Amino acid sequence: MLTFVIRRLLLAIPTLLFISLVIFLLLELSPGDPLGDVPLTVPPEVKERMREALGLGRPWPVRYVLWLKQFFYVEPLYWIDGIFRTDFSQGMQRIISFQSRSPVFDVIAQRVPQTLTVVGMSYLIGVMIAIPIGIISAYKQYSWFDQLGTFVSMVGFSMPTFFTGVVLIIIFGVKLQWFPSIYDTTHQVTDWDSFLVQVRQMVMPVTVLALYNAAQISRFMRASMLDNLGQDYVRTARAKGLGERTVVMKHVLRNSLIPVVTVIALGLPAVFGGAIITEQVFKVNGLGQLLISAIHANDIPMVLTLTFIFAILIVIFTLIADILYGILDPRIRYD
Amino acid sequence: MTETERQQRLDREELVAETAGPAPVSTELPPDDPVHAGEETRSQWRDVWRQFRSHTGAMVALVLFIGVILFVTIGPYIWTADPAYVDILARNTGFTAEHPLGTDQLGRDMLARLMVGGRVSIAVGLTAMILAITLGSLIGVLSGYFRRLDAPLMRLTELFLALPLLPLLLLMVTLFREPLSQAFGPAMGIFLLIVSAIGATSWMQSARIVRGDVLGLKEREFILAAKSIGTPAPRMILRHILPNVLSPIMVAATLGIATAIITESALSFLGLGFPPDFPTWGRLLYDAVDQMQMYPTRVILPGLLISLTVLCVNYIGDGLRDAMDPRIRGR
Amino acid sequence: MICKKKTLLTATALGAMTLATSAMAERGTDGQLNLLLWQAPSTLNVYLSTGTKDMLASSLILEPLAAFAPDGEIVPRLAAEIPSMENGGISEDMTQITWKLKEGLKWSDGSDVTAEDVKFTADYCMSEEGGCSQAAKFDAIASVEVVDPLTVTITFDSPRPYPFQAFVGSQAPILQKAQFENCLGAAAATCTEANFGPIGTGPFMVTDFRTNDVASFEVNPEYREADKPAFANVNLKGGGDSAAAARAVLETGEYDYAWNIQISPETLNQMLAAGMGKLEVEFGATTEHLKMNMTDPSPDLPEGERSTVAHPHPILSDENVRRALSMAIDRNILNEIGYGETGAATCNMVNGPAEFAADNTDCLTQDIEGAKALLEEAGWTDEDGDGIREKDGRKLSLLFQTSVNAVRQDFQALIKQWWQEIGVQTELKTVDASVFFGSDPNSPDTLVKFYADVEMYTDVYDGTDPGTFLAEHACDAIPSPENQWQGENAARFCFEEYDAMVEQMSQTSGTEARAALAQEMDLMLTRDTMVLQPLISRGRVSVSSNALAGVQMNPWDSEFWNVADWSRAE
């Protein structure tokens, strides 16, 4: 297993470099202009100079290599400086966003907390709801619980968040005035009261996202459980006289987790990617909002850096998923 | 068109059901009731159908789904109002005889728009889903089954997972909108473009899921047994592997339809989808969100139809899955 | 009746005044002001950005020498008075302008504001590699000289009839030399701290700035008016969309003021009905219009020749067709559906200030029959009876593009139908706004490339003088492959007479003369040639809560121009 992990990690380096090149080229080729938002009142010569100032005058291979250098050399040096109070990175240019002309990593660091609290929490809740629902729905297939679960999760999944979010805001924000419709990212949790304020502003976005995630995961959980409940080994286990609980929770559940692990492993990097629409609806301004606004503004350094971090997370989490397969089902071997 | 596709799908599933031998599986002990490897031929399909019919939920869903399909295909021939006709004087009317489901902010007939919109949405949803699922299952099975293909295919999957969706779609639209429109006409060209754009960007999850299942499956005894008697790989995959990963594929398919319908609307409000005078359910829903307090029916109707379609497909999928599972069948 | 109305007006004015005076009593007593900009500001240095959102946020901190008042008049901010020929501020030959600063001005860090800061600001924006977005305002400046600590003289390359561009308006405020000294040229991008926290002279100073998210401000202790501002803090939040922003002010009351509201009049009225806030609208330099492509965008032409002057448009070169298209449109209905109170049907490109707007209302009445007759007369007839006219075997069929926007899509649907009624077939196309308004020379979908027959968007001009805007329709501003499609004249409008007027405009001074010429030029673009077809004069629209007093919308400058006078209503 260890050699497998090491091999995969080594293989990840060229993969990631290739991915970064593809993303860079994609951003280069896709139509759109970092100066697209510049009003029509700005004359073309000025636009040209602004373009030069963004470094867009240089050919793309130069810009790509420069970005690689900044990402893999300057930024780590900068962190080292920050930790050890050295000044290796003195005078070196960090990755700068086109929109705000500020270092991309500073902005990302600013956004991570709100995304992790809102999107991360909703994912956690989603998974925690989905797995029991999936298990019970499968175990009592076609019971009223299963029917209700199916109905709610399919409706939950087919209703886009731009719709459910606004419905919640109108009911709980406007009519009942229970929860704020705008998320305050500057809010600090210091005591019990401010914690309650934080909980109140998180309720709606977390509900919307958790519903969506739970719907998806519970469907996979249920299907996989159903597959396994019908297997002969279950009958054997029961025949052996094992308790129903042991049979379901130990044997069936473990064997049913493989697709669920896949879905969750793909979902966790997405937590980092934020939830574009939900963040927009509730004004959470996390990483999703950062990414979408950067894409709209064709802020290439920002989009490239964000998607590249995203790619690293995907590579890591697919590796974790592969390792988990081996643990869940010891027959799976990669060597 | 969707009808024939559905038929094709059913036919294919029939084929799968026929070729798929029952798969006695055991992890701890040999089966206490060995099912004899099937020589059943045509009668098996009839079996499946009988089983399917006994599944109340699936039957209700099938009837409703056919209803929805008829609503969007035959409907516009019965209710002939022009969905694009702007009637300024009849803006925002409620349910009247002239406009049974009311009109929108420009006085366009909602019933006609829902019918025409559904045609696009269902066609896009089903086709894109089928494309994504086929691609995903193919890549998943190949990568799970053939160790040599595993690494390259999974790295490809990771690449696709990492690509930012929006610039990718923008690029696809810029490159292919005009050539496709010229080759297939504007509507068909954009349809192909959207379907392939959605398909090409949503197969990764099912590929990963299928691969995960196949990895575990191929170490099972029945596969080893089949291998030891020299079953060639293609038959192995069709007969033994695919039928056993069918249920996660079914789930991915139902979820895929919902996603495709919503994604289509997202594409059109990014200017990447159908021209603005082409209603679709997702678009109707999106456009009405701002006015939902005044005209709730305008969000409820398209929302209801999307959910209904997804629910129907889900129940039909459940029914089929149960009907085709030899372990449940006849229980 | 009129009399009654007048007394009512005076009464409200008096009311507002007493309110204002009572609130004006002390600085920082009214707590927090909550502002919502659904497009969040990304920087506070306007010289590195062109977004209105950034300009608005920075206008709480930074101030120019002079600003535009709501009526379009130039009023002093940091300057002691507005230079003119009469007071000797503008030289006789119109090549020099001399500004005098108010005495005793201080930056929020306590240091003095001097003429050096003014000169530095010009250097900052004029430095080559800085990529200053307001460079056009500093165009053709030969030198900026400090005469004494409070006086600065700007010399232009050539006579400048309208010298109020540099340091006028919130887009060209004064920066502190001490803070930005090391940020000249290419170093501009490295000064994140300064860009996110400029030291200013305005009523507030920034305490926390998170790009594209939220900014917090507190009272500037050095602000020149001791009893202002009334608010102690400002919280400026960004994100979401304009409907949600309006909802947060009008329905939930979480915010005091939301900027740039673009929602359907019905939705807006329904939100206003909750009675928690009101609409702030003023009309200025924003016109939604149609542009007719005078050149042939046909995809059959080789790339590089599409939409170039080498190929005149086979249909739209015919003035009668353009005129008929305009006659078929009912602008009042468009306004009713798309803008309501926040817009007005118009026939002019230049709609303000009032003296610049031509007296032209010919296009406001829809005339379908007249349009049909005109086409018939011009030889466009429907021979084959398919409802679409043709002439010389050419179908009267047009591709109509615009950016993605709910109101624009409604307009497209309506216009398509009216044109259908007069026998014109229309194919609709929408393009993502960042592509449409972008200038990527490789994209076929930008508005300057104009690979369509008709396009619709909003034109705006800067400041109160439309001179530069009108000059954009000269022949030499036509975008073409030779100039990488850079050029503002998207319609490919090219008339000798017009070019002559552009030339004349560049030498005319005095508001009256300029206004008369501007009207003439505007009429030529619109009524006489029908190449530009104005539809709606769009107001600047924001909503403010009833709990906020002192707001006065300004269409020419930052909406927060008088934020120092805002206070909490009782």
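In this document, chain identifiers A, B and C correspond to the written order of the chains, with residue numbering beginning at 1 in each.
Rule of thumb we're sticking to: a contact is a pair of C-beta atoms (placed from the backbone, for glycine too) under 8 Å apart; a residue touches a chain by one contact, two chains touch by 3 or more.
The shown structure was predicted, so the numbers you read here are calculated from the model rather than taken from an experiment.
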Relative to subunit C, chain with the most remote C-alpha centre: B
Innermost chain, taking as reference the mean of every protein Cα atom displayed: A
Mean-CA-position distance for subunit C and subunit A (Å): 38
Intercentroid distance (Cα basis), subunit B paired with subunit A, Å: 24
Interchain centroid distance [CA atoms averaged], subunit B/subunit C, Å: 47
Per-residue overlap in subunit B, given as positions that touch at least 2 other chains: 170, 174, 293
Contacts with two or more other chains, residues of subunit A listed in rising order: 31-32
Interface hub residues of subunit C, defined as touching at least two other chains: 432-433, 435, 443-445
Subunit A - residues contacting subunit B, complex: 11, 15, 18-19, 22-23, 26-27, 29-32, 142, 147, 150-151, 154-155, 157-160, 162-163, 166-167, 170, 216, 219-220, 222-224, 226-227, 230-233, 235-237, 239, 255, 258-259, 261-263, 265-266, 269, 291-292, 295, 303, 307-308, 310-311, 314-315, 318, 321, 325, 328-329, 331-333
Touching residues on subunit A, where the partner in the complex is subunit C: 31-33, 35-54, 93, 96-97, 99-103, 106-107, 110-111, 169, 173-174, 177, 180-182, 184-186, 279-285, 289-290, 293, 296-298
Residues of subunit C touching subunit B in the complex: 243, 263-264, 266-267, 270, 299, 333, 337, 403-404, 406, 409-410, 412-414, 416-417, 427-433, 435-436, 443-445
Interfacial residue positions of subunit B with respect to subunit C in the complex: 84-86, 88, 91-92, 105-106, 108, 170, 174, 178, 182, 186, 269-272, 275-277, 287, 290-291, 293-294
In the complex, subunit C residues that touch subunit A: 36, 40, 42-43, 45, 48-52, 128-133, 135-136, 186, 188-190, 192, 195-196, 208, 210-214, 216, 235, 237-241, 244, 247-248, 251-252, 254-255, 432-435, 437-440, 442-446, 459-462, 468-469, 483, 486-488
